[in-house]
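Naming follows writing order (A, B, C and D), and every chain is counted from residue 1.
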Amino acid sequence: MIDKRVDDLSTALRGLQSGASLMISGFGNAGIPANLVRALAPMGLSDLTLIINAIRRIDECDATLFDQKRIGHVVTTAFRGPGRTPANFEEQWQRGEVTLDIVPQGTFAERIRAGGAGIPAFYTPTAAGTSLAEGREQRLFGGRMCVLEEALRADFALLRAQKADRYGNLFFRGTQSNFGSAMATAADITVVEVEEISEHTLPPDQVHLPGIYVDRVLQAPRLD
Amino acid sequence: MIDKRVDDLSTALRGLQSGASLMISGFGNAGIPANLVRALAPMGLSDLTLIINAIRRIDECDATLFDQKRIGHVVTTAFRGPGRTPANFEEQWQRGEVTLDIVPQGTFAERIRAGGAGIPAFYTPTAAGTSLAEGREQRLFGGRMCVLEEALRADFALLRAQKADRYGNLFFRGTQSNFGSAMATAADITVVEVEEISEHTLPPDQVHLPGIYVDRVLQAPRLD
Amino acid sequence: MTAALSRDQMAWRAAQDLADGAYVNLGLGMPVLAASYAPDDRDIFFQSENGILGVGPLPAEGQGDRELVDAGSRVVTLRDGAAVFDSAASFAMIRGGHVDITILGAFQVAANGDLANWDAQVPNKGPLIGGAMDLAAGAKAVHVIMRHQTGDGGARLVEACTYPLTAAGIVKRVYTDLAVLDVGPDGFMVREIIPGLSRDDLAAATAAPLTFADDCRDLFAPDISVNKD
Amino acid sequence: MTAALSRDQMAWRAAQDLADGAYVNLGLGMPVLAASYAPDDRDIFFQSENGILGVGPLPAEGQGDRELVDAGSRVVTLRDGAAVFDSAASFAMIRGGHVDITILGAFQVAANGDLANWDAQVPNKGPLIGGAMDLAAGAKAVHVIMRHQTGDGGARLVEACTYPLTAAGIVKRVYTDLAVLDVGPDGFMVREIIPGLSRDDLAAATAAPLTFADDCRDLFAPDISVNKD
C-alpha cells in the first residue's frame, strides 16, 4: 500500500544531513516551499548546498540560514540581494565562506531536467561566446558554438504544490510548477508541501507530476 | 488574428516537397494521423524521409507509400513487418532502395525533444557497449559509458489529437500524445488532424501542447 | 525429468518478487503476463513506455478506449492513481532510473549480466529495437524471463552473448522454466530449481558455470490452468 | 535638441513592430511596458519564461492569484488561449527558437550585434543572470530597448562591449530614446531619428559608426501622459 503522506516537518525532512544538497522550487512568490525552508535552520546542519533559481527568495523566507552560516555552496541563476548594500549572503560569498556556481536560467532548468532524465550531459548554445563559457568545453554543431553542460542532481528536492494524493501525485496551481517539476525528478528524496491533500485520488487529467517522483507529501498552509 | 484551422488535406500539406523529412506520430493505434498519411502518396512525391516509431504502422495505414517507392530514408525504432516473410519495405531496404537509421525508442524520443528544445546533442547511457555504438563517440560520465546523440528535426510533423482550438492548442486523449508532442516542437511545419475543433478556446488546464508548436489543424474523423 | 514451468508459471514466479509499492515496466511476451500474477496485497504501478504510469486491467472485449493503449498496442485501462504522459517524458522516467524493475524477455543472458534481446538475426527481416535498450540501461533492476534453452536445445544462459547486445552487465535475475538465477560478480547463482531436476542436469542445460546458493530451494509455481492473458 | 523619448514612448515604439500572431517574450524593465502598447488589432501571445504562454493584463490591485506570476514576479492573468507549463518546458520553447521576438533591456549593444545586459559589474553585489542568456541565444529575433547613453553621457552603442557579454552577434534592432537602429552586416543603420536631432549629434552620442537608411524617417511616438505600467 503506497502512502506518501507525512504528518510533520521533522518526518518530512528526515535523513537530511550536514553536507547535503537541496533543490528548492519557486519563482517569484509562486511554488516556494516556505514551511520546509523555515524548518531547515533549526535542524542545526552545516555546509548545505542550495540549488535554487534566485537565492534572494530563500533569504527573504528565512534569513537565519545565512545568518547562522548553514550554507556552504549555492547553484543559482541570481545571487543578488535587493538594494545597493550587499546582503548577508553576498558578503559571505565575497569573504569566500560561500562558494557559487552561477548558471543561466534555461541551462539551470535543463541541467536539472537532465539529472532526472538520465542524460549526464548536453550541449547548449546558451552562454557560448560569453565569460561563462571560458575554460569550458565548447563545440560547433551546425555551425553554431555550443557549451557542454552536465546534469544536476541533489540529495533532497523541496517543493510546493496545490494538491497531492496519497500516491504522491501532484497538482500545481498557476505558475507553481516552475522548477519544482524537474527538481522532483532529480533528487534522491523529494518532499512536497501542499495546500491540500486530496481525500480522493487525483484523476489522471489533474496529475501534473506523477507520484513516482515524490517521496513525501505534507499538508501545510501557504506562508507569505 | 491567429487562426490555424485549415479546411482540407491539400491545404494541410501545402509546401511538402520531394526530398522532405516527415515526423509522424503514433504508438500502436493511438495518435496515428491516418488521414494525413493517406494523403501523401497521391501527392506524387519521392525521396521522402520518414521519422516514425514503427514503420509497420505506416505500411498498414497506406501500403502504396512503399509500393510506389515514395520513401528514400527511414529513421525508426522498429523496421519490421509482421510475419516471417519480408514486407515490401524490408525488401526495398535489403535492395538498398531505402536507407535506414535504427534508433532505440528512448533515444528516438529524446533526440526529437532535443530538436525542438534547442539542444543540438546529448549523451545517453542507452546503447553504450552495443553494436549501435560502434564507430560513435562514447564518453564516460560518472563512471558510466555514454553515447553522443544528435538532435532530430524535420520539415513537417504530422500528428493526431482529440481536440484543437483556433490557436492550435491541442488536447490529447488516452495515450495519443506519445511521440507527437515532441515531434510538434521539432518540425518547421506541424500539421495536426483532430477529431474535433473546439468552438471555444481550450482552457489552460486542457492544453497539453501549446499552439506555438502547431501551424495547421484539420478536423478529420479517426480512420481505422 | 520433472515438468518445466509453463509461460504463465514463469510469469507468476517473476511477479512474486515485485515489492509492494514498486514501479514496474513489463516487456512484451511473457513479462507482460506477470501483471496478472502480482500478489493482491501489493500496490504496484505498471509503467508502459508509450506513456502510462499505472496500467490497469484489460477492458472487456470490445470495451475500452482505442486511443488508450499499452506498449504492446493493447487497449488497456488505468488503475487508481495513474498518470498519462508523452513518450519523451516516459523515457525520461525510464532512463532517469525511476522505474524500480523492468522484466524483459531475452534470447541470451551472459554470466556477466549482458543482455541480448533485440536482434535474433532473422534473415530478410528488418531490425526492431523498441524500448528494450532504454529499459535495460535505465531501470534500477533488470529481471529476465526466458526459457532456459532454445527450441533445439541450445543454451540461453551463456558465458558471452553471441547475439548483439541490448545492454552490458545489467541483468540481476533470470526466471527460466527450470530455475531462478541471480547474476552477480561470480556469474550465475542458482536460487531455485524445479523439483526433480538434478544440479548436473541444470548445469548441462547451461553454457556458463553455475554456483548454487546455500539456501537453494525448490522452484515452486502453482498449477495455472486458465491462461489469464 | 528636441525631447528624447520617455520610457513609455520607447516601449510604445518597440511594440509597434510586434507582428500580428507573434509569440513575444519581454524582459524586465522597459521591455515589459511594451505589452500595454501593442496595437489592439494584433493578436499577440506574450511568453513569460517562468512558464506562461499568453500573459494577460495585470489584475486589479489585490485581485488575482498569487500563485500565478510572470517573470517579473508580478501577479498576472491569462489571456484567451493561454497555456501554463514548467520552467524546463518554457526554456525548451525559448532555446528551441519558437519565440518570435524577445525584447530585452541592455547596458551595451555592439555594432556586431553583441549584447551585454547581465553584469553591470556593480561592486559588492553578486551576479544575476536569470533568463537573459537563454532568451538572447534562443529567440528568433532579439530587439533591445535602452537609453542611447548612460546617465553621465557615455555611449551604450559601441564598437565592442566592455561589459561581459550576454550573447554574441544576436541583436537585430535597438530602440533608444533618440533613434531606432538595425544591426546588420555593416553595423548600426539608423532607421528612425527623433525630429530636430541632427545626424551628427546622433553620431556623437554613439561610439560606433552609423549609416543612415535611404528611407530614414522621423522617430515618432505619441504623447503618453499616463504611465500604463
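Going forward, a residue touches a chain if its C-beta (ideal position, glycine included) is under 8 Å from a C-beta of that chain, and two chains touch if they have at least 3 such contacts.
Computed from a prediction, not measured in an experiment: that's the story for all the values here.
Listed by label, the chains that touch chain C and also chain D are A, B.
Chain centres here are Cα means. That of chain B falls 29 Å from that of chain C. Averaging C-alpha coordinates per chain places the centre of chain A 36 Å away from that of chain C. Under the contact definition stated at the top, the residues of chain C that touch 2 or more other chains are 84-85, 91-92, 94-95, 137-138. Of all residues in chain B, those that touch two or more other chains are 110, 113, 117-119, 124-125. Contacts between chains form some other arrangement here, matching none of path, ring, star or all-to-all.
Pairwise chain contacts present here: A-B, A-C, A-D, B-C, B-D [touch as defined]. Against chain B, the residues of chain D that register as touching in their complex are 20-21, 23, 43, 45, 47, 53, 78, 80-85, 91-99, 137-138. Looking at the complex, you find that chain C touches chain B at residues 48-52, 65-74, 84-88, 90-92, 94-95, 119, 122, 124-134, 137-138, 164-169. Residues 27-31, 53-55, 77-81, 84-87, 89-91, 93-94, 100, 102-107, 109-110, 112-113, 124-132, 162, 173-182, 222 of chain A are the ones that touch chain D when the two sit in their complex. On the chain A side of its complex with chain C, the touching residues are 1-2, 113, 115-119, 165, 167, 169, 185-186, 201-202, 204, 207, 210-213.
Interface residues of chain B, counted against chain A in their complex, comprise 110, 114, 117-125, 141-142, 144, 146, 150, 205-206.
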